[in-house]
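Quick heads-up: structures coming right below.
Both complexes shown next keep chain A, but they swap its partner, so chain B is in the first and chain C is in the second.
Presenting the complex of A and B:
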């Protein structure tokens, strides 16, 4: 029982990291709370659905294409809609709500509001002791962890990552070094949306796909990001593990609503006591 | 002389617009128009409650949760305790106001985007409590058989009667908001939005005023909830979730955030849309979102804001 709970916790933590990283990156760079983040998850899922059952592509080809599509749309959204709101937190938030409504509406028009599903690329279960692990969930968790590791390397080890960290920490100083923070906005927004799309594409075979599926995703991303501190990448990673473990434990013993309630109360407590979150910076 | 006429026109435009909007359902006269009028009134109340907070530059997403508290309080007080509606309506406003007033000193220390996130979480917590506390709130099924509104022993079952009640409540709320933004009180509100340190330096303690406004906004949301509960006779938690708050916010933004009649104008424009375009239901959300984005891009100050600016009466 305990092993099972821990394994479920580990798998959902990996997914939460992927959901939250893009959200926190976009806030860290553009100071925009992107309420449409869940809709980019939805785009990733629908892209996999359209590419596999519409064009007959294999899942292995559809997965990266779906993530790239979400990232590309994110780039466009930054250009057309969000650029002007850099620094205007309230305005950017309202625009992201409008974008969320539009994307939900577009998905409902293109794919109807019926639930769709994608065939599982991996099947079967793995047994460790008395714990039973579905292989498809293991694949998702493994892939998500690999993507998080790649993102970590990008941010920590490349010149581009250095510039990203510099914008988040001190845009003025970066400007003094001759780099305009604005030049990084499209890339940051695109990468954030690409990560969201990847999360959607990865989980598409696990859950049903529908135009309003983004809401669950954004709730998880929201909880993780607030707990970890808005804009903090290490904070988001730590908070994902925290959320994964508490959720698995509370929902096993008290039920799913109680688990959600617990996490929101925790979110309120964090915002009140330490608004910068566990990760430290605001 | 012409300047005088113009200033008279500017002064009369608001009341004239208000009178025209309020009299529209009785002039059209069909039950469906009264139904739309009631929905507009309830939504305008919620949008107005959100505007009270926006006036001091704080976006509260908990307003839908406060509306839910008002709705559940009003339903339980009349249905299970047997209180008359005339007593339940003000109590439905006071209960969320008390909660907001009690939480205010803690919540309102948080500013900006963190306040939005905090009130978002509070709204979710309120709705989840409705879902989880089944014995009192009926869980996901909500509450059924809520008695109709009644005043002076007469049940307001007919739509025109309930519309009159909604319109009267909205007008009273508008009058309260107008009173709040005039004179010294209005200057304090403007100061809270514009330059709080300056306000503090003039010897005004800001926090109690902010708390009072938060409580007042929750009061308006609670009234909207009570009207909602007694009009439909049935309530369930999902009616008071995140998207209800977002829709109210959008109505306020559409009409113009800083103008008294902004929320009502936004509600008049948006609430009938789903009712009128039932045939194009698949496209409704897409058009709604696109229209909203266009509005934010091209008319960032709202429709009334544009009219007002073209007359040159606001800076």
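Presenting the complex of A and C:
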């Protein structure tokens, strides 16, 4: 049973990382708590559904297109809705809530409230001793980890990443160097939404799709990001692992109710000891 | 000058005729408002829309015949619906608005047990009749104006479990999985007692959170108890589909039962037809019947999504309510209407004869008892394999 628990923990952690990364990026750069993040996950999932079921594209082609579509819509949202709220946490939060409700309503009108499913690109299971590892979950976790690694390289090894880190750390100093933070905001928001869309597109074949699926995604992303520290990418990664392992272990041995309770107690305990979260800055 | 006067007179007469024609129906018929409270958006929306559509189909039917006659006056039936998003707080807001602003005396819904328990004190205090469906036994405790218009597991699962014992003798142990809320706590308690009474071993009894999509951890726990069958109880059908698929992937090859209600299309979407094959469950109606085909056509006039079988109950509930109001001859004296609802049984419903019961279990005969259907998922479709009479 221990192997099974570890496998479940690893799969969940990888997915939580992907969900939380875009959310924390947007907060780190724009100081906007994007409550519509879950709806960009939903957009990615519906895009894959529409591209595969509607246009007959293969999943391999639909996956990047869906992520790009979510990223593109995120970029547009930043230009049209969030630009004026950069740095205004309350205003941005209210705008993001309004956007979330609007996107849910739009999806319900376009696709109805019926659940939809996407055919799985990978099927079957791997057996490791007594434990079972579904190949579709392994594919999602592997892809998620690759996306996290690519994001890490982008932020740490490129000039663009350097600019992103600079704007997150001190936008005023960056402006003194001749770089306008406002030029980076659309890209940061777009990348955040692209990661959300990728998470939705990846998980669409694992679960069913419906207009309100973003609510679950934002809940998980929010716990991870609060635990890891708002705006901190390494913190979000550490928190994803912590949450994944805690949930898998406690759910298996003590039940789901105890697991939910433990997640929130862990958030409270860490915030009491370190109010900025595991990797957050004051 | 005379011509001008004649023209003016003709215009005046014509104006009166046109005005009369336009305002005719409004003057001829007063309006009877019926409230609906249910999740019209969010994860429970399929059920909430079933209440809304059921009420609207019944209202449209009676309006097409000239309206409902109350005390000799024709009334146009208007349905006023509010979304409770399956949340107790929103249900309270919706009911307060229906009672205080819309001056509604009759409400259909809600579905969620927590919603019903939150609004019941308000509707009882205001003598508002509530035709509801929630699985909690507390729904009908200490109540005068609440009627439950859908049978719960309490009403039918003993027959289903007896059938299982007789027809699937290899099944001896059952694991239960239910939502972690008032609905799930109550239904799991009822299922545990019924399976235990029939001689089954309860291998495990687990709860899950409604927003959950990954069940591998809880299934690992369940499968460790080696059950012959997994009873999915009141797990929402889309969620049940995910559970089935994940359990099959983890190697479970036993029987799935879902005696808390089945929506075949949603389960198959989540599970895949192959994984859902052979699942046994409670069907509210026969998907191959002409009644189902007719109601589905009517439902499509109101909502574009797939019809939930709950529509049957709320269509029939709205009809029996309107008939009772008509017989009582009043839309304001809810005591008189309540008496007519109670005395109107047995009712002709789309499902067959139905009547009030529940005195022994809940202390009041406000539980609608209808025929029930035991169904099986075969090649992705629902097939009724036994029809059990109302009892």
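Convention: the second predicted complex is superposed on the first by the 278 of 282 C-alpha atoms of A that agree within 3 Å, B and C clash if a C-alpha of one lies under 4 Å from a C-alpha of the other, contacts with A are read in each partner's own complex, and residues count from 1 in each chain.
In this text, a residue touches a chain if its C-beta (ideal position, glycine included) is under 8 Å from a C-beta of that chain, and two chains touch if they have at least 3 such contacts.
Because the structure is a prediction, the values reported are computed rather than measured.
*Asks:* With everything superposed onto chain A, say whether chain B and chain C fit together or clash.
*Replies:* With chain A aligned, chain B runs into chain C, so clash.
*Asks:* Examine A:140 and indicate which partner it touches, taking first as chain B and second as chain C; both and neither are also allowed.
*Replies:* neither
*Asks:* Quick check on the superposed pair: does A:42 touch chain B, chain C, both, or neither? Answer first, second, both or neither.
*Replies:* After superposition on chain A, A:42 lies in contact with neither partner.
*Asks:* Between chain B (first) and chain C (second), which does A:104 come into contact with in this model arrangement: first, second, both, or neither?
*Replies:* The answer is both, since A:104 touches chain B and chain C.
*Asks:* Identify the partner contact of A:257: answer first if only chain B is touched, second if only chain C is, both if each is, neither if none is.
*Replies:* Touch status of A:257: both partners.
*Asks:* First (chain B), second (chain C), both or neither: which does A:93 touch?
*Replies:* Touch status of A:93: first partner only.
*Asks:* Once chain A of both complexes is superposed, is A:208 in touch with chain B (first), chain C (second), both, or neither?
*Replies:* In the superposed model, A:208 contacts chain C only, not chain B.
*Asks:* For A:199, decide between first (touching chain B), second (touching chain C), both and neither.
*Replies:* It touches nothing on chain B or chain C.
*Asks:* Hey, which part of chain C ends up inside chain B in the overlay, 114-122, 150-158 or 348-356?
*Replies:* 114-122
*Asks:* Both chain B and chain C touch chain A; at which residues?
*Replies:* Residues common to the chain A contacts of chain C and of chain B are 104-105, 108, 112-113, 215, 219, 257, 260, listed in rising order.
*Asks:* Can you list the chain B residues touching chain A in their complex?
*Replies:* Within the complex, chain B contacts chain A at residues 57, 59, 106-107, 109-110, 112-114, 116-118, 120-122, 124-125, 128-129, 131-132, 242, 246, 249-250, 253, 282-290, 292-293, 296-297, 300.
*Asks:* Which bits of chain C are touching chain A when the two form their complex?
*Replies:* Per the stated touch rule, the residues are 41-43, 45-46, 49, 180, 206-209, 211-214, 216-218, 220-221, 224, 238, 241-242, 246, 249-251, 265-266, 269-270, 303-306.
*Asks:* Name, in rising order, each residue of chain A that touches chain B in their complex.
*Replies:* So the residues of chain A touching chain B come out as 31, 33, 81, 89-91, 93-95, 97-106, 108-109, 112-113, 215, 219, 222, 226, 230, 257-258, 260-261, 264-265, 267-268, 271-272, 275, 282.
*Asks:* If you look only at chain A, which of its residues touch chain C in the complex?
*Replies:* Interface residues on the chain A side: 1, 4-5, 8, 11-12, 104-105, 108, 112-117, 125, 132, 134, 206-208, 210, 212, 215-216, 219, 247-248, 251-253, 255-257, 259-260.
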